[in-house]
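Two complexes follow with subunit A in common, the first pairing it with subunit B and the second with subunit C.
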Partner chain A sequence: MSATPIAAQPPVWRRLIGFNMLTGLVLGIGGWFLGAWIGGQMAVGHPYLQGTDQNDVGIYMGYLFGVIGFLVGLGFANYPIGRLLGRPPTLRQHETGSWTRYFRLCTDHKVVGIQYLFGVGIFFFIGGLNAMLMRTELLRPVEQAWPASQYLTLVSLHGTMMIMMTSAFILGPFGNYFVPIMIGARRMAFPRIEALTFWLVPAAGLILLSAIAFGGIATGWTGYAPLADEGRAGMDAYVMSFILIAISLTLVGLNLMATILTMRAPGMSWTRLPIFVWSVLATSILQALAAPVLVAAMAMVLMDRAANTSFFLASAGGSQYLYENLFWFFGHPEVYILALPGFGIVLELLPVFARKPLWGYRLAVAGMLGVTLLSFMVWQHHLFVSGMNAGLRPFYMLTTELISIPTGFIFLIAIGTLWRARIRFTVPMLFALAFFFNFLIGGLSGVFLSDVPSDVTTHGSYFVMAHFHYTIVGGLVFAFFGAVYYWLPKMLGFELNETLGKIHFWLFFVFFNLTFFPLFAAGFLDMPRRVSTYAPSLQTLNIFVSASAYVIGLSMLIFIANLVWSLVFVRQPAAENPWASRGLEWQVPTPVPVSNFDRVPVITSGPYEYGVPNAPPVADFAPGALPAAGS
Partner chain B sequence: MTTIAGERIPRHGSRIIAIWLVLTAISVPLIVLVLGPHLPPPNMTVESADQRNANIVMTALLVPIALLVLVYFIYSFVFFRETSDAIVDGPPIKGHAGAQLLWIVVTSAIVLALAVWGSYTLIAGAHGAGGGQGPDPAAKPPGYQHALPVQVIGQQWDWTFRYPTYGGIETRDLAIPDHTLVAFHVTSIDVTHSFWAYELGVKADAVPGVDNIAYVNPRHTGFFQIRCAELCGLWHGHMAKKGRVLAAPAFQAWIAAAQKQNASIVKYLPKYSRVYYPLPLRRAG
Partner chain C sequence: MDTTVSTATVDAVEQPDLLARIIRVGSRIWAASQAFFFLAFFFAFLYLRALNTNGIWRGWPHHHPSPSIAFGVAILICVLGSAGIARSAVLVAPEMWRATAWATLVLALAAVGLQCAQFSSLGFGPTDGAYGSVFVGWSGLFAVFLLGTCYWLATLIGDVTRAGGVPVVRAAAVEGVGFVLLVLAGVEIAAFILLYVVK
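Moving on to the complex of A and B:
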């Protein structure tokens, strides 16, 4: 982020005009109205389209044209049109220079990584605010703060927003930024697609938020039909935003897979690949295979709502089991899309701060690939009491429990790596270690849910809600913050304040557990999910939970304060390799040059050779150069 | 595990195992004897008793696993931490085939045992364990042909109940007789709901166009809580009411009164059927 002054800057207003986010928003909103008008014309003469409270065709067309306008405004059409007109390709435009590249279509993977970090972070913050509003409603057992419909919309927005954003939480910022550097590549395989995957995310986030203006969402993040067929027009926003996110996830998966498979530097053998890159590879396989199924499910909901088909209406020959199967065939791999990158992060951090090689590297890889494979075979555990395929329940119980074997490997690797280590409790390490505590509880509570007799009680209750918050928040979000504290000095070039980091960690860790552990009990005491009124006997418990949740919110404010303080006020330049890590990404200068490496490095040893006597450096950065004089 | 010549290495492994054994020896009896009777669901039926047993066994099995990991981690934080400010490398141990094999064998054994035991309770022991089994249950309890059928109809936002063997009457209250095998036939006439009778240990999705059957054997009389466990729209949280398990004579009296009350309206009800297909339901507006 060096501020190289560019000669003769034009005035600000002049620079705002061009292909950038502002133009994208303007064209996006214009596109919305154009599309809505076209959709309105299409409905003329079709009374069944006009017979509902909103013409869904118009809304979908509005969103479609809005997204196209947004992307055109960002400049996504320039390259294809230029090529059609026979202009030479201009790949690396706008890559150096001012901060404005963060608000444009930029094909530098490092810029995309930072765009992801802040873009996803903002929506994550909005999702968190929703959680605070929900906990406010739950302070009393009767309806009080929000009307029931608004509470439901909050639940749905919170859940959908969080799932959408946390899917991009690690592969987005850190996958895009660090995977090419960690494998010794200069860019991603498909840089323009990479940029597209990012810009689809804010488009999806804004569309999802627009549901507030269209009557809200009443289905939760799972969007079960036929409730979805019946919902107000806010449901269209849910469908559209999930389609965009699923397209983005698929493309991210394909892009990262291609990058990792084909662009490793010489010497980067499969056994030298950093474990984080392995986890990204496993996740990208999941994304590329699972997310298209979500597009299919959403397309059917779209047809049911806009064109009066009846994929999911039993009374017209459809079946809601179709939806449940499609949704969870995506939905279960999705939870591993959330979990696997977290595994990768914590296993990447442990050796650095334990100062030992990663113990059982091959087993860790086997564990991740095992999870990847098995995660496609368990989806009906969400449907144990649905009345579908009851005879197959033992099979899904078995596969679900089997998946805990490869997941357990991750714990064994940590145990082995910590054995007789020299642990340093830095802020990233604290987050990584907390991951294991939280994921232990999250994982073991999942064993209850996998057992059908036990699941009959807990299904659809707060027990489930506590379980997945333990795995997603306690797992993924903790890993994410570990990665932030670990890698931000490289990404942004400044140190983060350690004291504030520790306060953030301890508040988050303690109050996360105080918030969610009691909710297991709420579930055991028959409190169903997604309700704004509950049994008065559970009020004390809920007040306690809400109070703890507010402290989580406070801890996030402390994190933001740390960011602002360190990045805007103190601006203490970070050392090139503050953690003395052997990772390839720490051997390049800060800020990372546009093309990462002067020459493609030759990898000479694995990244975790801590304490190995005479271990060679990870890579030769000037291969073919003459040896320095005297050696 | 590698012994560096001359350096005395404390026997970390044995210490960790010893601490863990002590904690396990304390916690498992506590779980089984003290916590166990409070684990859900209250055992009003054979099925809910089975579910509670499943919860007790699993807690007693999983808590020691959690303890082992926790004891190890805390031990390592105390004994394997770097006390100086310097960055010092630890011993370069890259793996241990024996330890890995042992871990794989033990976790696989636990997992397989859990799956076998779970399947046994589900099919042979508890006959579906109170969960909805669809129109053609895979695990049928003995004497299922003579079970008392009770239809549960989910609708936005209430539950109603029909008794086909008592003239197909429809009531807003649920009562079932004690010590009788009951077959709940759960269905829906609009969106998906889930019939949850907490104390009975019953949960079965109410799916439009599907007759989802769950068996239950009540063991003593009393009230039970009915809720909806699948989001079904605005007033999902309000689909809660109390049901009753009555002694057989009390049940006969109750149903007779209900039949009398229903007599004038029963002819307006749709004919009793396993599923109902009201007109396609479209947008609320």
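Moving on to the complex of A and C:
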């Protein structure tokens, strides 16, 4: 790899002027006011746009112009305008330079991965803070800190932010950073779109937070109509932020799918593809196909609120069930958008720390593709108690229970891989093992909810809440932290403190279970979701849960302390391959060069041949000639 | 953090065949995403029409929305024409691409223009029952997607005019935009049948 020192940089104040995040924020705020003014003018005298007591058109136009201004300030308009003016196409932009590239449009997939890691992480912690506030309110069975409407806004912000951010939790940081390297590519298929997908995320997060200033969100994260049509202007923030996130998800899926399908290095056959990449491919299919339906559903809510259409208003010929169908047509694949990358990560980690080949590789792939296919056929189990046609219930019960079969494959593969292995209990491995414990409970409780008779008795209770936290937090978030501890040395070039990592893990694992397992009982005892008051007899249980939740918060602070301590103060450089992994990403230098590889490597064997006598190296990094990629 | 950078970052090292393949695959995935987007409106039409909540699917008594069939046919012809020309461009010689791309762009823009003209003299609005909502939502957002494709066409015309790019990449772009327009044409056919014929 030919390398040159970075050219002398201009002073910081000079770098603040130009296309970057600061300019984006300034233009975004200016755009908001301009859009709100234009929207206000549009609504004047137009009968279709002034049917409510608030100017939704002005708010939507404000958000739209704000987002456009933000993106223009970041430099996203330069390339499209340049193309129209006849400038030749380019693929790369701002890929070299100092730390400032993390605060601007950059087309290096590794920079985008790190932007995602910190960007999504910030909103994840804001969502977690909301959870702490909710648990504080629930310390007593009566209203105390917040009135019911504000509590509901807290619940909605927590749920929406967590779902939006966790959707990008794995594919954002790790998919973008590692998939090109793991398949032997030198970049993503659409680098500029990749950068756009990230910058839509902070825009969406900020817009969602602005709901607090506009009367809050009364619907919870699902945004059910007709309440969504009738809610205060905070719902506009909910709708706009979900549209932006869904566009981002669609484009992430498109980009990653195109990358995996077209840019694999020679020799990277489908059976040599790392299992994490398979999981990303499966997730990308879901994102590219399901997220557009969410955009459409949210566009309908937007039109109902701003243009007085009646998609979801029964009084004007619409139906709220239309919203439920459209939302869950996205919403249930969304569950697997969250789960599949987690499967991929833990299956990626197991062979490394068990020092054995991945048992049942093809079964794992079949399981993930099976989940992908079936996830489009189960959405109506969310409507079992919504008045759906009773004749449809058995079909959706069957398809939902069927999906546990390919999911079960993942557990079989884990058992087969761990069987008689000499396991290294590193921090990433601990998180991977905890994933299986948690997800097993989440999965088994899901069977109760897929079954009509038991779902009818538990729907809307804390049982459902405990179930999906076991799958999303117990599954995805544990997998996320496993990935953080595993891949951060490659991404940032520094090691995290192992002892602090283990303290983080044990506190998180133990108190996660102490928080959410009792909530199954709360659900069976009829404690309803989204309500801040409950039966006094459940107070002791809730105090216990809240106390446990605070310890989860403490464990997150320990993680942040570890991050700051290791990256800012200790700065112990990481070894090139600290886990002795065969993964292609560990065979490249740290820090990873801008183009990943001098030449496209030729893959010579699979990534999981641990303990296989005379296993060839995973790739030839200096093939004689530059071969065609993707063949 | 990184202290060195590679010098091998220029576009010249990217292989045209790979870029062409990326464009072809990307255009198909994008077309599939668009199809799923309009699937929501397709479902909304069938679902709300079947439910006919409060008997006002077609609007209020004595005021049934009825869009101009002439506009509908004209828009359909423009969209089908632009898709047909764009798809046929892959069959003609590269020197003809500029003319075909211009024809495609003009027809697509005409469809958008006609949609705007229809909205200005529609005779009903989004508040006129569920049908009015679906009509306005589906037609309006279709025009937005078509306009986005027009941008792609405009850049393509720029590339063909300059002829400074790589032929194989241009060919892939011509084929890709044609495929996306073909899927949009399928959506428009469904929209015409449901919104103008079935109602």
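Criterion: the second predicted complex is superposed on the first by the 602 of 631 C-alpha atoms of A that agree within 3 Å, B and C clash if a C-alpha of one lies under 4 Å from a C-alpha of the other, contacts with A are read in each partner's own complex, and residues count from 1 in each chain.
In this text, contacts are C-beta pairs under 8 Å (C-beta built on N, C-alpha and C of every residue); 3 or more make two chains touch, one makes a residue touch a chain.
Nothing here was measured: the structure is a model prediction, and the numbers come from that model.
A.B. asks: Please indicate which partner A:S319 is in contact with in the superposed arrangement: first for subunit B, second for subunit C, both, or neither.
C.D. replies: Touch status of A:S319: both partners.
A.B. asks: Classify the contacts of A:M257 with the two partner chains as first (subunit B alone), second (subunit C alone), both, or neither.
C.D. replies: A:M257 sits against subunit C, while subunit B stays out of touch.
A.B. asks: Compare subunit B and subunit C by how many residues of subunit A each one touches, and report the one with more.
C.D. replies: Between subunit B and subunit C, B touches the greater number of residues in subunit A.
A.B. asks: Identify the partner contact of A:W359: answer first if only subunit B is touched, second if only subunit C is, both if each is, neither if none is.
C.D. replies: A:W359: touches subunit B, not subunit C.
A.B. asks: Under the stated touch criterion, which partner chain does A:T219 make contact with: subunit B (first), subunit C (second), both, or neither?
C.D. replies: first
A.B. asks: Classify the contacts of A:N20 with the two partner chains as first (subunit B alone), second (subunit C alone), both, or neither.
C.D. replies: neither
A.B. asks: Mind working out whether A:S310 is in touch with subunit B, subunit C, both or neither, as first, second, both or neither?
C.D. replies: A:S310 sits against subunit B and subunit C alike.
A.B. asks: Residues on subunit A in contact with subunit B in one complex and with subunit C in the other?
C.D. replies: Residues 51, 308, 310, 314-316, 319, 321, which sit in both footprints.
A.B. asks: Flag every residue of subunit A that touches subunit B in the complex, lowest number first.
C.D. replies: 51-54, 148-149, 152, 218-220, 222, 224, 226-227, 229-232, 305, 308, 310, 313-316, 319-321, 354-363, 383-391, 393-394, 397-398, 401-402, 404-405, 408-409, 411-412, 415-416, 418-425, 433, 436-437, 440-441, 444, 447-448, 450-457, 459-461, 524-526, 528-534, 580, 609-613
A.B. asks: Mind listing the subunit A positions that touch subunit C in their complex?
C.D. replies: Where subunit A meets subunit C, its residues are 1-6, 47-48, 51, 80, 83-84, 86, 88-92, 95-97, 99, 186, 189-190, 250, 253-255, 257-258, 261-263, 288-293, 295-297, 299-300, 303-304, 307-311, 314-319, 321-322, 325-326, 329, 492-493, 591, 593-595, 598, 628-630.
A.B. asks: Could you pull out which subunit C residues touch subunit A in their complex?
C.D. replies: Per the stated touch rule, the residues are 1-11, 13-15, 17-18, 21-22, 25-26, 29-30, 32-34, 36-41, 43-44, 47-48, 51-54, 56-57, 59, 125-127, 129-134, 136-137, 141, 151, 154-155, 158-159, 161-162, 164-165.
A.B. asks: Where on subunit B does subunit A make contact in their complex?
C.D. replies: Per the touch definition, subunit B meets subunit A at residues 1, 9, 12, 39-41, 47-48, 50-51, 54-55, 58, 62, 65-66, 69-70, 72-73, 76-77, 80-82, 87-96, 99-100, 103-104, 107-108, 111, 114-115, 118-119, 121-123, 126, 128-135, 137-139, 186, 190-192, 194, 196, 198, 201-205, 207-210, 212-214, 225, 227-238, 275, 277-285.
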